[in-house]
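Each of the two complexes below includes chain A, the first together with chain B, the second together with chain C.
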Partner chain A sequence: MKRPASSRQRPAGARLLPLAFSLLLSSSLALTTDQTLRAEAIGDNLRCPICTGEPITQSTNDISREMLRDVREQVAAGRSDAEIYSYFAARYGNFVLLDPPKDGVGMLLWGAPLAALGAGGLVLWRFLRRRPTAAAAATPGPEGDTFDPYLAEVQRRARRGKEA
Partner chain B sequence: MLNLISFDASPLGALGQLSLLAALAFTLGGTWLAVVGGVKADARATEAARRAVWAVFALVSLSILTLMAALLGDDFSVRYVAEHSMRASPTWIKVTSLWGALEGSILLWAWMLAGYAFILSLTLRRDALRPWALAAMYASLLFFVGICATVASPFTPLAQIPADGRGPNPALQNHWMMAVHPVLLYLGFVGLAVPFAYAVAALVTGRLSDHWVVVTRRWTLTAWAFLTAAIVAGGWWSYETLGWGGYWAWDPVENASFIPWLLATAFLHSIQIQERRGLMRSWNVWLIVLAYASTVLGTFLNRSGIVQSVHAFAGGPVGPVFLGFLAFLLVAGIGLAAWRAPHLRDEGEPPAALSREGAFLAGNWLFLVFAVMVLVGTLFPTIVEAVQGRRDTSVGPAFYNAFAIPLGLGLLLMMGVGPLLPWRRAEGQGLWRALWPLLLAGAGAAVIAYALGIRGVGVLATVGLSAYNLVGLGLLTGRALRQRGGGMVGLLREQPRRHGAYLAHVGLVVMALGIAFSSAYRQDAQVTLNVGAAPVRLLNETLALEGTREERKPYGTSAIARVRIDGRAYETRMNTYIQGGDTPFPAPAVRYGLWGDTYLVVTAFGEEGRWASVRLIESPLVSWIWWGTLIVVLGAGLTLVPPRRAPARVSALQAAPATD
Partner chain C sequence: MTDLSPTSNPTPAPAPLWRRLLPPVLAAGLVAVLGAALLSPSRNATDGGPLVGKPAPGFTLESLDGAQVSLAALQGRPVVLNFWASWCEPCREEAPLFRELGEKRSGETGPAVLGILFQETKEQNARDFIREYALAYPNLRDPGIKTGIDYGVAGIPETVFIDQEGIIRHVDRGGLSRERLNVGLEKIGVEGI
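On to the complex of A and B.
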């Protein structure tokens, strides 16, 4: 996948005019408040293709401005979120999707914390439900910290006393 | 062959390099002595190893002072100074340049590690763990001093000495937080080396009882407090410099500092189970090995350039070396723990679900899931790239927030119930009696918040859980005060550990409220203002551009827009630095308020400064995050204060259901 990175980057000096232009354009595009919020939410989940991990709503370069304007136009045209995301994925690659899709490889990503939650919960539940006899049967290590069984007993009792 | 020293080219560089090499020699010798002291139980070898730490610390101190002198004295014959500093920088930038690039930051790390080892060598008890704890500290030192003296040496000679240096990274000249955040972060990261060293010593000697946990409690808490402060300081830094009005973006390097925090927090709680009940021994060993390894992982991510991040330094030979050390730590730690597994069984009965232990373990479960989530999210794009050969995925805040919000709320829930529960076993009825005021307060607060117009589920839950936590802590403190009699100060002096923990919890509640409100109710708007034009209405403010001007300094230029917002002047800057070309670095003007911040950043200037585009961000309760952190750190500090002996009062002991 070719990233449109270098080819579209313009010298920074040229940033001012397009910015003013795009501001002009975006204000001419009449969106309702709900639509504006929706466009912003979608923009938050689209990565600026030439920055390090910034969404297009935060980045100030031309390509982000263009993409954001594109989002607003598509929102105004009544396209669904999924349609807009797949449009950008087709144009710039899955790379720009900051909210990774929950299919294919993405299932691994979204599934991992859930698997950890489930597995950890199971281990914890089994540990807390373990019968006391099972632990009592466990032999203490042959070389505990204390060589003296009496001292060990005293420590055990002292600990119990502290808990009371 | 690496050319390390040239006496002719740079006397200062040679001095620094020599002291690093000497430190490396003492580290090697000390490692050998410590191992001999451990294997042969030779007290003299152990003592020699202990004293060798002093030499290591002195020599690393000498080299870091040399580098500092070179930076302040603009000695460009020293490689690091030539590459990362310049004459024109203000003095504080020259000081912070010490850790503003790869080699210096590793040297700072090595120096702090040597410093911790030095303090440890002074406070080390004469026990069987002593030689091995020293040996494990030496193993870490060997790595850090080793790479400082060789592949990442700041002192290697230059082919040609330049007239002026290349100057510091422009992104790091923007804010004084640069002086604070990295230092705190390293203090936190490096501090975890000590409990790790003790865990290794406990594993090697097989003396796996609860001694090492008690000995290292202060170290862990200190490291944890530094880590907490460092992470939030980093958030503040990005709030003050990145110009988007946020403080946390789930950037890979931010995540890399957060994972050790999650694991260290889990460890802080689960060692209490071991201390009180002698349980969870193997779990604690695993946790500290993972926590320490995760600090190295974080550094690896930061230094190797394998993840895309705003914070990452350029890649170099150091990445693979760190990966090797990480693998070594994991293999050694896991191998040792597996070898000693038969000795790591707990004595005594396992914890009940309805007990302090049960709550701590449930908290541990959530902390670990949190850490796994952050780790998977951070590494996923890199793994996909490795498998598919191209970078085709990004993981953004949407993923992290989807899990972090429920997990955070779950942790708030456990945080409230933990201190209420007694150790060993709670009676169902007693628990209910203790819990209902909290639940009532939580539900009441959520209803009031709803009535006031708050609709976000996450925010409502945070408000409810905050009230639940605060009422719980208030009731516990009130009861302790009644039972003891006398004032709050006396209570704190008698039970600093318990009430320090309560205070830290209060701080976390304040932070949670700040995070919830500032992320849910942040408002953001942009406008272009003309100089002298009529004021513009934006969000809830009126904005007028009073003027623009430019300030030229030898190291860069600031374009400044002076904007009057509701009668108060804000000066927001756009800085460019001579090393950064045209790349602008915004410096927002922030008016901090208890209930919300007004944040103004300039995004573009018109020709001859006749107009300026600005972005206005208003977010409520942001400063609660900073204040909350201060409370957390104060609480952690309080737990370190040795308790004053209480006059014997048997009845009070029996009456209190919740113990430390």
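On to the complex of A and C.
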């Protein structure tokens, strides 16, 4: 898990504060409301490099503030989300992305549990499908002709032990 | 002990080989993945990073003395770039090494040493630091941490070793020791100190 889920679901007030702050800032950069929201959404997915799993929109340190300003400048310059993410990933590594691309080892991390679930389901399905026939075969006949010598040996020894 | 071995029991048909091998193979696979993850260099490693092997991002910054310093102007010389601040304790510990490097490997063949201030709270503190350690190389202001972000700096000290072609060959995070400095220097073709 990259970070506690609580940091992602913020109360409305906590969400509005940075938004108001970025609206204030964006006035100097002349961003439209849409662009400001986009910059905010991108910032939500960028990890503050010196914090523990906190996005730059929530962190108050200088580097987060400057990174967010950088994001806003790039949004204003018309760069796409993917371009902005790759800009930061090229400098800080995929570590800076709070939602890293699901390829390579990431794909394995996402895919392995699903594959394990699928394989487990398949095994369970085959087991459940086979059991009724196996159980029917194991039911002793009415005349009790299935003789288990191992069980008989255990019973015999247990009886002997009780007598002694 | 009582022998209860089911010798007389008719043994059921053995499971196919692949089914008997599956659990140990799965377990061994998990152990191997865990081992590889533990042994591979983590992001906490003190060197490396996504910029190694890439062209060094260019910059033109003003030094504390007021001179304009540009990385492009240093093309053809190896460059040692040190991000620091006066409040950073490991920066103090490594500062004498940079002074020594400047003294021992000066001239056209030696590397250009540049300091870049990172989140320096008070410029006077940086000036005092430079005087205290008698640093003779240019130390540059980085307004808005633009260059710091361009180099992916998260914490200081961080030292970037750039070769003559302008390619980043080594990045070291945390206070340098003489050995670690020499590792970086050798990667950009400079004799260690």
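Methods note: the second predicted complex is superposed on the first by the 84 of 164 C-alpha atoms of A that agree within 3 Å, B and C clash if a C-alpha of one lies under 4 Å from a C-alpha of the other, contacts with A are read in each partner's own complex, and residues count from 1 in each chain.
One rule holds in what follows: a residue touches a chain if its C-beta (ideal position, glycine included) is under 8 Å from a C-beta of that chain, and two chains touch if they have at least 3 such contacts.
Everything numeric here is computed off the predicted structure, so don't read it as measured data.
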Touched partner set for A:A30, first chain B, second chain C, both or neither: neither
Contacts of A:P100 with chain B and chain C, given as first, second, both or neither: first
Touched partner set for A:I50, first chain B, second chain C, both or neither: second
First, second, both or neither for A:I63, with chain B first and chain C second: second
Superposition-derived comparison: chain B or chain C, residues of chain A touched: B
First, second, both or neither for A:A77, with chain B first and chain C second: neither
Partner chain(s) touched by A:A90 [first = chain B, second = chain C, both, neither]: second
Overlapping contact positions on chain A, where the chain C interface meets the chain B interface: 93, 95
Chain A to chain B touching residues, read off their complex: 1, 3, 11-13, 15-16, 19-20, 23, 44-45, 47, 52-55, 58, 60, 93-100, 105-106, 108-110, 112-113, 116-117, 120-121, 124, 127-130, 132, 134-136, 138-146, 156, 159, 162-164
Touching residues on chain C, where the partner in the complex is chain A: 2, 4, 6, 8-9, 43, 49-51, 54, 119, 144-146, 148-152, 154-155
Residues of chain B touching chain A in the complex: 206-211, 244, 246, 249, 251-252, 276-278, 308-310, 312, 342-353, 358, 361-362, 365, 368-369, 372-373, 376-377, 380, 384, 390-399, 403, 423-424, 526, 528, 581-584, 603-606, 613, 653-654, 659
Residue ranges of chain A touching chain C (in the complex, touch as defined): 49-50, 62-63, 66-67, 69-70, 89-93, 95, 148-150, 153-154, 157
